[in-house]
Amino acid sequence: MTVKVAVAGASGYAGGEALRLLLAHPEVEIGAVTAASSAGTPLGQHQPHLAPLAGRILLETSAQTLGGHDVVFLALPHGHSAEIAAQLGPEVLVVDLGADHRLTDAADWQRWYGGDHAGAWPYGLPELPGARQRLAGTKRIAVPGCFPTGGTLALAPALAAGLVRPEVVIAAVTGTSGAGKSLKPHLLGSEVMGSASAYGVGGAHRHTPEFAQNLSAVAGGPVSVSFTPVLAPMPRGILTTASAPLAGTTDAAAVRAVYEKAYADEPFVQVLPEGAWPVTSATLGSNNVQLQVAVDADAGRLVVVAAIDNLTKGTAGGAIQSMNIALGLPETTGLPTVGVAP
Amino acid sequence: MTVKVAVAGASGYAGGEALRLLLAHPEVEIGAVTAASSAGTPLGQHQPHLAPLAGRILLETSAQTLGGHDVVFLALPHGHSAEIAAQLGPEVLVVDLGADHRLTDAADWQRWYGGDHAGAWPYGLPELPGARQRLAGTKRIAVPGCFPTGGTLALAPALAAGLVRPEVVIAAVTGTSGAGKSLKPHLLGSEVMGSASAYGVGGAHRHTPEFAQNLSAVAGGPVSVSFTPVLAPMPRGILTTASAPLAGTTDAAAVRAVYEKAYADEPFVQVLPEGAWPVTSATLGSNNVQLQVAVDADAGRLVVVAAIDNLTKGTAGGAIQSMNIALGLPETTGLPTVGVAP
Amino acid sequence: MTVKVAVAGASGYAGGEALRLLLAHPEVEIGAVTAASSAGTPLGQHQPHLAPLAGRILLETSAQTLGGHDVVFLALPHGHSAEIAAQLGPEVLVVDLGADHRLTDAADWQRWYGGDHAGAWPYGLPELPGARQRLAGTKRIAVPGCFPTGGTLALAPALAAGLVRPEVVIAAVTGTSGAGKSLKPHLLGSEVMGSASAYGVGGAHRHTPEFAQNLSAVAGGPVSVSFTPVLAPMPRGILTTASAPLAGTTDAAAVRAVYEKAYADEPFVQVLPEGAWPVTSATLGSNNVQLQVAVDADAGRLVVVAAIDNLTKGTAGGAIQSMNIALGLPETTGLPTVGVAP
Amino acid sequence: MTVKVAVAGASGYAGGEALRLLLAHPEVEIGAVTAASSAGTPLGQHQPHLAPLAGRILLETSAQTLGGHDVVFLALPHGHSAEIAAQLGPEVLVVDLGADHRLTDAADWQRWYGGDHAGAWPYGLPELPGARQRLAGTKRIAVPGCFPTGGTLALAPALAAGLVRPEVVIAAVTGTSGAGKSLKPHLLGSEVMGSASAYGVGGAHRHTPEFAQNLSAVAGGPVSVSFTPVLAPMPRGILTTASAPLAGTTDAAAVRAVYEKAYADEPFVQVLPEGAWPVTSATLGSNNVQLQVAVDADAGRLVVVAAIDNLTKGTAGGAIQSMNIALGLPETTGLPTVGVAP
């Protein structure tokens, strides 16, 4: 099978990562690469690491340029995907790396993003219960947010098993690429290096309802989520620290067994050996999630730490994993399980 | 007044920071600078930034070399301060930057550090209720741990005012200097840069009982503390994110007013204007604490974010602040309130 | 003496550093702080590290707001200083941190910067021969570029002593703040971290003629300069590596003696002990220059390495050093000789 | 063809990178992974990014454990390869990532490394004239040093074409992994981050004679080399800036044409479009070399800038490229030409 794939938003970080991974995918031929203000310039000017595509000229993002492909990746700011998807026809697999189709609740969408809700698409986190069935054969995929990818996988087994009460606290440290290639002063290298900062505090980050949606589904009831993102001086990576009050047992081995069983067959999730703690660099450039769990008997809480690459498993790698399922390919096709370190 | 000050552990990060600040202190004359394995070598070889002291030869750390000073700073690994302090005589002001005299509970000490408890000294966090009275005229000061400095100041006003329930969750992102100049693989630049990692998870970090001790005293009853430290790729700085369940009001303005009142007269604590969030680089090299509060009504939690420089306010700056009080000097003498940024 | 100082361009990096240092200057009272597009907003929004000035409102940069001060610092893009200076009157000490008045040759100015040449002002590098006499009592100071500060001090003693032929090669690694707070994609943290890049290669950087001007004056004849700047992932600091063909002796001790003698009385220049090599972090936040020299007998070249903080000695610290001389104050007043490390 | 490959020194950075790349090589089966002091521990403890090999136990490095493989990679400190290679038998392809067999001149070896010279092996820089013929079918490969890889490729075309005089000046900025996983204070994250430093200045770095050997061979006569390495705060990457006096033409287009022609058929070398300058992050994790050339007519010098990943093209990637040639495989087999950025 050779699948022809177009990438919209190819000058940005999510689009660039999609292209990096698609270049290594044995069943993919890369078609149109499109952009907005950078249309007409060579891709190499924006993504010099994509050497084999350096001479490709960026086209305007439109239904026309994106037409005629088997798969279209949309790496666009939120609010732009629905209209384009509608024009692409139901036979095209549209993979939305943006936020437009993640939330099932229209009121949530309006509160957090504003504007009309475009509707929800099958949610591209294959490790969730039932997700693979929903993704198989689908022509529309909503790629999860980067924070919800790490945090959901960190807490899902405990909530599903009833190990914790549905009141979770998540603090996640992210690299700067999660904010995109935005020309904002606080994202300048001079500001970012040597410094950590919080933002979207107190439930103000748009990924909060997505956490709640995922975790409530797993728990079978409402889960309250306190989420604090922290910006750290690194280009990539998310280290999620998540905790919740233990519901009963404080037996660390029992808790650990729940996690090991939950992820035993997952090709991209590694529950680390006892004593080893996740480091984001170990997942850099890979589609892996590395996890560790601890029981804090004094505080009566379960604590889970998870490392991912926000651009790979957290965005474009997760997208390709779901694409593989949708197309009926082996789920791991073309996806790295080896990080780039040090 | 000219105070003659010796610094033990002058080749390390805490000792170096003490010297950096003492060099700018108008009432201080720097006396002996001592070390262990580096004794006999010039200070400039270990601390090239301390240019005015570059030629000073490091002496052996001993009661003899430290004798004859008005003040002695001990920046030593835990377990080494008590014996030396005992030999220095009660007329010498001994400032322990290590952990030996922070915990009041001997059982806590034995559980977390092991060995005999050396006893508690007046705790050098002047912003705590009653602390200035206990520090005035004292000849022994226990300098707080870097994490408890940020986290205690983040949560104390809310606990004192009964705004939250005594079940706090703290995740703090720290620069690498907090781990000292230790030759361990995970502290190498190649490992640290571009990566975040958690450690001491699940209540395993030694600062956990110190948090509990401080916060329980403020709250007037036991406070459970879930603490997760995260190592980030920066040399200095701690960004603390702390949260607790709201006890009653979710009125953000009322919560904010409690914090503004609590710190209105504090020379080193700034409650930032609404909409501004702490960044560690803004406190770099200064003795400042920058704070912001938020009410997460959905999750029913108060969230506080605090930035400090772990070596300045978190260690050597806080030590000098307490020294000033103990000596009867104006508390702010010689302490920077301006950070070095970008 | 209390000198009232205004700072134009206070929202940028050079202006911010001037304010950081002026806050610690015992003879200075800070007057107007002005900006362009940020006028009307509080300084704390742009420079949160300048805590004591956080509430100051930025005024529009104009002759009116800058009037009535004893000293005016202009931290403006090139091309903006001359007009404002003309309106400030000859009794005001104007310190231009920009490039407008550095070059003496009008043709050089037009070639490298374009537009009309505003004329040269006394050049604020006090360590150059005759500079202190030219700066004493002056009312106009041209602050050197950051690269020429390090590179000129690295090579001047050798050229003055005829140790090398007048064909120098300079490669200098700079932190990102040298590029200012410019919203350009290549300055984003995501692009900068983990990466080094060259720019202005092949003599294309505007500091090239300034190097040539300085070094030719010292050498007493034309000096050709090959200059390559490299952007490194750090906010501050310049590490200059400079070399030139040895003219005669390859006696390392003799070469070293020339440097030690040249800088023996300089308060801010340290020729490091043999075997020690400059690191930029040792100069961070200080007005120091740390130097080391080597003779490469095989290649027949002198190699000099110099570390400075580009914003301090390389910009605002050097500016205050020259201001002190112009005002008749002790040259070192208010200037740090201790770096902030690690 | 399936080739069984052992890696000695698997706990270090060079060995880890070899394993990362070999995991993706379609013709390779990974055999023994060996170490010295870490023998007996799981690889995942040292290289958590190599997830598929996390459970592999490190064996002792010895002729016994390394025996029975088709290819053996030696990533050992210098001085250790010759003895082991002798025991492996002539039918085994031994790829030495260390320095033992790079220099052809025994006197050079003794001067720079000390001890007995083990003799030179075919030099693994396929882009050099005649190199591919020497590597085809060989059973012994000396992998070049990381600095000489970048610097040789930067200057070889100009020297071969007689564009420059044989007096070259090279300053190269390297990431910290080039120093290996050594527990030295100056390599700690706290020291490295936010700082640049020079080392091995004045011809003192061991890669100097290797540069001279390579460049003299290309130039057909002795080339003098002034080399200054600079340590920058990044884990990976080398940015080489190299210059030499122009011999005749200053026609930039002509110079450029020489480089484009020289590398037209090279799969891993990209001469960037005019106006684009190399950034190391664009080559991160890939086997690429990205180059740009400039003519500085004022200074009469050619300036070349080259970016590589020191661990990939500069060490393990270059090694596999040469291995492919030696084994008769397509040269690019298993080697990434796409970088990981941002």
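Each chain carries a letter (A, B, C and D) given by its place in the written order, and its residues are counted from 1.
Quick note on the criterion: a contact is a pair of C-beta atoms (placed from the backbone, for glycine too) under 8 Å apart; a residue touches a chain by one contact, two chains touch by 3 or more.
Molecules present, by chain and UniProt name: A, B, C, D = N-acetyl-gamma-glutamyl-phosphate reductase.
Computed from a predicted model, the values in this text were never measured in an experiment.
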Inset, instruction - Touching both subunit A and subunit C: give me those chains, sorted by label. - result: B, D
Legend entry - Co-neighbours of subunit D and subunit C - touch as defined: A, B
Legend entry - Computed distance of Cα centres, subunit B from subunit A, in Å: 37
Legend entry - subunit B and subunit D: spacing of chain centres that average the CA atoms, whole Å: 45
Inset, instruction - Would you mind listing the residues of subunit C that make contact with two or more other chains? - result: 13, 175, 177, 188, 190-191, 193-194, 233-236, 279, 281-282, 284, 341-342
Inset, instruction - Quick one: label the inter-chain contact graph as line, ring, star, complete or other. - result: complete
Inset, instruction - Would you tell me which residues of subunit B are touching subunit D in their complex? - result: 13, 46, 175-177, 179, 181-185, 187-194, 233-235
Inset, instruction - Would you mind writing out the residues of subunit B in touch with subunit A in their complex? - result: 167, 169, 171, 173, 175, 186, 188, 190-191, 193-199, 201-204, 208, 224-226, 228, 230, 232-237, 239, 241, 243, 277-282, 284, 292, 294-301, 303, 305, 307, 341-342
Inset, instruction - Could you please specify the touching residues of subunit D with respect to subunit A in the complex? - result: 13, 16, 20, 23-24, 42, 44-45, 47-52, 54, 177, 193-194, 235-236, 270, 272-273, 276, 279, 281-286, 288, 290, 336-342
